[in-house]
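Consider the two complexes below, in which chain A is the common component and chain B and chain C are the respective partners.
This part shows the complex of A and B:
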């Protein structure tokens, strides 16, 4: 068994709001191994990005705040560190790539300077910075890196900007890379290339990669393991193969059906009825039960929240009735239900229909 | 970058030409007869007609304008009707005073205003932030002449560390007090604007990228956030500087400094036409040049501007 580089244990984070604390991350646990990719999947508002930002302690405070849990980087709890010590962890040990390459680069600094900053901050002085910068850009697949040094972000395409951000992230040889929807803002053709690059670099550099996405196509393409997040909790964790073959949580199954664009017997696309619950006012019991077809006629789902169960090797699920079929015709019914002006479909990219 | 500067300079020419026409035209429309002001109400019509001819006031408008413009371009702004001295000479004597006052005040305002703005923004909604903002509001509520008098009394009379007023030998110490008082008032707006722009910039994705790189907070604030905020703040700075260079009447008057501001006001009261026109034109040129400099500053601060 490969050793864990990063273990997140029972992480909790909330945002203060006028309506009380919004529990964006509510007891999330997972671990990352070198050279492996874990995909964190979920709808908008499920707490994926808050989890990603809480790990290197980049959650904007206020209004955000980590309220509990541990983030163990090689056994050392980052949440216990002095805030002044975090800059030495960020970039050097945990690097990040964000969703919007267009706004993630400083518009008034040259590409070269921005990569060099990363190199300089974490290196012993005296080394040839320029060479390291060019090497970092080349490794991230930036064509003609020497020419890019003096260019500004507005002179680059979206895909190229994301490559520059990857170069910045990897310039100092981190052991963990957190990529928060790194391809969402890019063209489809560019998406695939960036993902392949991340997967390739992850394997070659032995990176532990946390890939946050709402796109199951991305998961299938890049990850070894998948964790499904719903309303601040990880409801199912499984190896990718098992997950696509036999998802156990009704929410995971709903996501997959929506992604496959399955039609029900009336010809409508199957979607998950309803919307992500208000994180300041969560339903009792299992958070998914008000939207769940399986839970329709089962009182247990509204009772105490389901504990995590082992469902196979590396496969855990938080559900009272994992893998069970919907009661009666509930599935079909829920897809047809005219809830609101437009059924709030699980935000699953329809491009990933080829699963 | 060089072609950008050249283009801005060329673009300034028609602006200046328009300014010269407006200056000339405005004064043509001003009520009251300057000749009568000059010679007094009781002068005979012949005297008035003679003086009119002497001053060239009997010629048609366009001839007067072109004649005036031709001289202006040669640096001749005419002679003051009041003192008979060349206006250009008077301006040249007074501009260094105004310039020194302006630069001192500007330096003070930038240091205090931008410094406090950044300080306040990085500590948003803390006690320090509220204290800074309240203090600035209080200073702004006190009229400048009250503040100036208090400062003169404290530093000039009580502590005797700075000259109270006047130009003295023109050395820097005579500008410390007026420059600081004037700069303090300007800094209020600069601090407010810097704070709000910084707050906006700090929320940008690239600031998160900078933090994710592992840069210390100090570097994130100054190298990343402040440089981007500067792009916006430069507009205000340019405006401040050009206003200062045009002369600060109140400050010049309170501290008894013979600068451009007082000269303009005195000339206007005396209906000293050539002096007023000279002042206006000079101030317009200063304004336009300052704006060109701001544009160049923009381009230096923000690479995206250089394209436009």
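This part shows the complex of A and C:
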């Protein structure tokens, strides 16, 4: 069993808004191991970026605020640390790479100076900076790094900019790398190379990588484990093999069908009805229930929210009826239904009649 | 048919010295009614420039746009207006394409107003009908763009494109700003509308999975030129151009069993445009694993066929009686 570098336990964060608190992160738990990649996947607005920012305490405050939970880095709770200590942690232990390489780089500073800044702040004193800068760029696969030192970001392609950012992030020798949609703004061929680079560096340097993405193709290509986020919560966590073979949460199944562009018997693409809920006004019960086809047959779904339950080795799911197909098999899943709230038969019948 | 013939367009840029490389260089394609023709390629390869020329928003430096056999450039006044209505466009970014101060009902009615079609009450009924057609209720007509989700905004833009009853719609990345679950809803809507009205779609996309699933023919564009064209199934199962194959291989497939071997050294970032590349070389030459001397000296030309490729050394074998490009 590999030891966890980072454990996130029941993390909660919200944004103040005119409509009341937006619970962007509402009880999120997961852990990261060295040399392994966890993909946090979900649609836009599900709280992935808020999670990424809350871990190193970078949520913009106001309007953002961490309201609970623990972020244990080698057992030490970052949320309890004195704010003065955070820059050191962010420098030496946790690094971040964001979606838009263009806006993350300083447009009026040379590439060399930007990497040097990271090398200097986070390096033990001594040692020639220039050599370290060139080494950092070379490690990120930047061709002819000596020639890049005096270039400005606008002179680089999108892929090269992202590599420079990776070089900056890794110059400090972190043990955890959080990459928030690092390839979303890039073309597929460039994306493939950046993903390969991250996979390579992750293994080579023993990085614990949190890869945030909305693309299940990226997950399948890069990660060992996956956590599916929906409306502020992780609704399913599993090893990738298990997940792509047999996802259990109806939302995960819907996402996978959408990604694979599965068609129904009429030839239409399968869809997930409706849209992501308003995080300031969440539905009661299971937060997926207004969109869930299974819920139409199951009154329990509108009752108390389902807790996370073990569904196999390394596999947890937050659903009362995991793995259940929606239509035509209303009772098949009953043996696995929870002991908790259970729909009355009459209710189910009337509901399915209405379908 | 909506036909683009040998379109060329060069943008003048401030920084460039000497003649700039054309953004679009000799692009020909045709969209049949009821058919979806896809133009695929990476950002900046010229797809949107082709789209803008095809709807008449941009004048080509040379080449022709033919609508049902008639050259748009030779038409004037009313005739041109009438013809123009038949080709509409849906732009990529649903948020940016709508005026934040205008109700979405107003946005859909606007083309009717501009073309002076009908009176106010007819336009209102027509707008309602269009909203229904794209799966929106009359309630949404009074809303402003920020009150709608991304998918709803895209529906509004589709309704607007339909308002002038076109025969062809150019869809410029219609689903790439949307989440996957919404993407399927919009693609289903577009398919239903196409089936009902027999529209021809020119689908512009960088998403090869979407293209494979909705288009019948596709052309692959690379740095302003088409490098391969054919029936989607053919091109996807037997790509002939090295660039097409690289694109297809790069798509992340949602199946971990198909994951490529992790690299044992850092994958380097190739330099796409090395100095000294000749204008008459193959533009993929610096990245191509099959590149040879001929590729640097002569631009590969397409051979005319149902599935064609512009490459001196294509990946699939030519027919034996085919002499191939001149050497």
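Assume the second predicted complex is superposed on the first by the 327 of 355 C-alpha atoms of A that agree within 3 Å, B and C clash if a C-alpha of one lies under 4 Å from a C-alpha of the other, contacts with A are read in each partner's own complex, and residues count from 1 in each chain.
Following the convention adopted for this analysis, a residue touches a chain if its C-beta (ideal position, glycine included) is under 8 Å from a C-beta of that chain, and two chains touch if they have at least 3 such contacts.
Everything numeric here is computed off the predicted structure, so don't read it as measured data.
When the two complexes are overlaid on chain A, chain B and chain C sit side by side with no clash.
By the touch criterion defined above, A:98 reaches chain B but does not reach chain C. In the superposition on chain A, no contact is made by A:298 with either chain B or chain C. By the touch criterion defined above, A:168 reaches chain B but does not reach chain C.
In the superposition on chain A, contact is made by A:189 with chain C only, not with chain B. Set against each other, chain B and chain C differ in how many residues of chain A they touch, and the higher count belongs to C. In the superposed pair of complexes, A:107 makes contact with chain B only, with no contact to chain C.
In the superposition on chain A, A:258 makes contact with chain C only, not with chain B. By the touch criterion defined above, A:87 reaches chain B but does not reach chain C. Minimum Cα separation between chain B and chain C in the superposed model: 7 Å.
Shared contact residues on chain A (touching chain B in one structure, chain C in the other): none found.
Residues of chain A touching chain B in their complex: 56, 58, 60, 62, 86-92, 95-96, 98, 100, 103-110, 117-118, 121-122, 152, 154, 165, 168-169, 172.
Those residues of chain B whose C-beta lies close enough to touch chain A in the complex are 125, 203-206, 208-217, 223-224, 227-228, 231, 301-304.
Interface of chain A with chain C (complex): residues 43-44, 139-143, 157, 159-160, 163, 187-193, 195-197, 199-201, 203, 214-221, 240-241, 244, 254-256, 258-261, 268-272, 275-276.
Interface of chain C with chain A (complex): residues 42-43, 149, 151, 179-185, 187-188, 191, 206, 208-210, 213, 246-247, 249-260, 262-272.
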